[in-house]
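Have a look at this one.
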Amino acid sequence: MEGDIAEMGKYIGVGLTAIGMGGAAIGVGNIAGNFLSGALRNPSAAAGQTAMLFIGIAFAEALGIFSFLVALLLMFAV
Amino acid sequence: MEGDIAEMGKYIGVGLTAIGMGGAAIGVGNIAGNFLSGALRNPSAAAGQTAMLFIGIAFAEALGIFSFLVALLLMFAV
Amino acid sequence: MEGDIAEMGKYIGVGLTAIGMGGAAIGVGNIAGNFLSGALRNPSAAAGQTAMLFIGIAFAEALGIFSFLVALLLMFAV
């Protein structure tokens, strides 16, 4: 058995960051899903809530991009 | 016992990235599911919300594609 | 087999912090999704609850940023 054990941990850590991206996608899905559900029930109000939809998506997506950033830092910077 | 332990970690990490893709699929499913639920209740409004459906799917799908990108980087670039 | 086993643990720990970011994103998604769901049902009340939406998002987002901070501290400060 050879190889660097720290490198092994690094690669496992990179894989684990994908769980953060998955969770962010669940959050984004929840926001957009609820928007569509409400917009199809009351289409006249949909245009007024589009800004809130994008603000909500931005906050959830940011956490997924933080996870991606951690993956890139682990792979190429540390 | 022989073999490179860093390679072992790499393969486990690649497998873990699939959790991110699974989470993205849950998010996409939530969006498209809510769209269909609303569109079948009020079909006349469905055409006006198709753009929002695709925008929402794009944000959730992007996080799954980031996970896939991390898997490819782990396998072929690191 | 060479390498520092403490470093291995550090990198795995960094990967695990992404679970915190994913959970925070699920929370943000739940808050923004429920706001949108209610705002589209009763749009005249939405403006009055926008402050509460941002307060809720801020508290959930803060926990994701704490996870990100822990990842950065593990990688660069410890």
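We call the chains A, B and C, going by the order they appear; numbering starts again at 1 in every chain.
Criterion: a residue touches a chain if its C-beta (ideal position, glycine included) is under 8 Å from a C-beta of that chain, and two chains touch if they have at least 3 such contacts.
Because the structure is predicted, anything quoted here is derived from the model rather than measured.
**Student:** Between chain A and chain B, two copies of one chain sequence, what rotation angle (nearest 5 degrees) aligns their Cα atoms?
**Tutor:** For the C-alpha superposition of chain A onto chain B, the angle is 30 degrees.
**Student:** Quick check for you: compute each chain's CA centroid and the global CA centroid, then name the chain with the smallest gap between them.
**Tutor:** Going by the distance between chain centres and the overall C-alpha centre, it is A.
**Student:** How far is the middle of chain A from the middle of chain B, if each middle is the mean of its Cα atoms, in Å?
**Tutor:** Once rounded, the distance between the two centres reads 9 Å.
**Student:** Could you grab the centroid distance between chain B and chain C? Build each centroid from C-alpha atoms only and quote it in angstrom.
**Tutor:** Distance between chain centres: 18 Å.
**Student:** Note the residues in chain C that touch 2 or more other chains, in rising order.
**Tutor:** Correct list: 1, 15, 22.
**Student:** For chain A, which residues are in contact with chain C within the complex?
**Tutor:** Going through chain A, the ones touching chain C are 1-10, 12-24, 26-31, 33-35, 37-39, 41-42, 45-46, 48-49, 52-53, 55-57, 59-60, 62-64, 66-67, 70-71, 73-74, 77-78.
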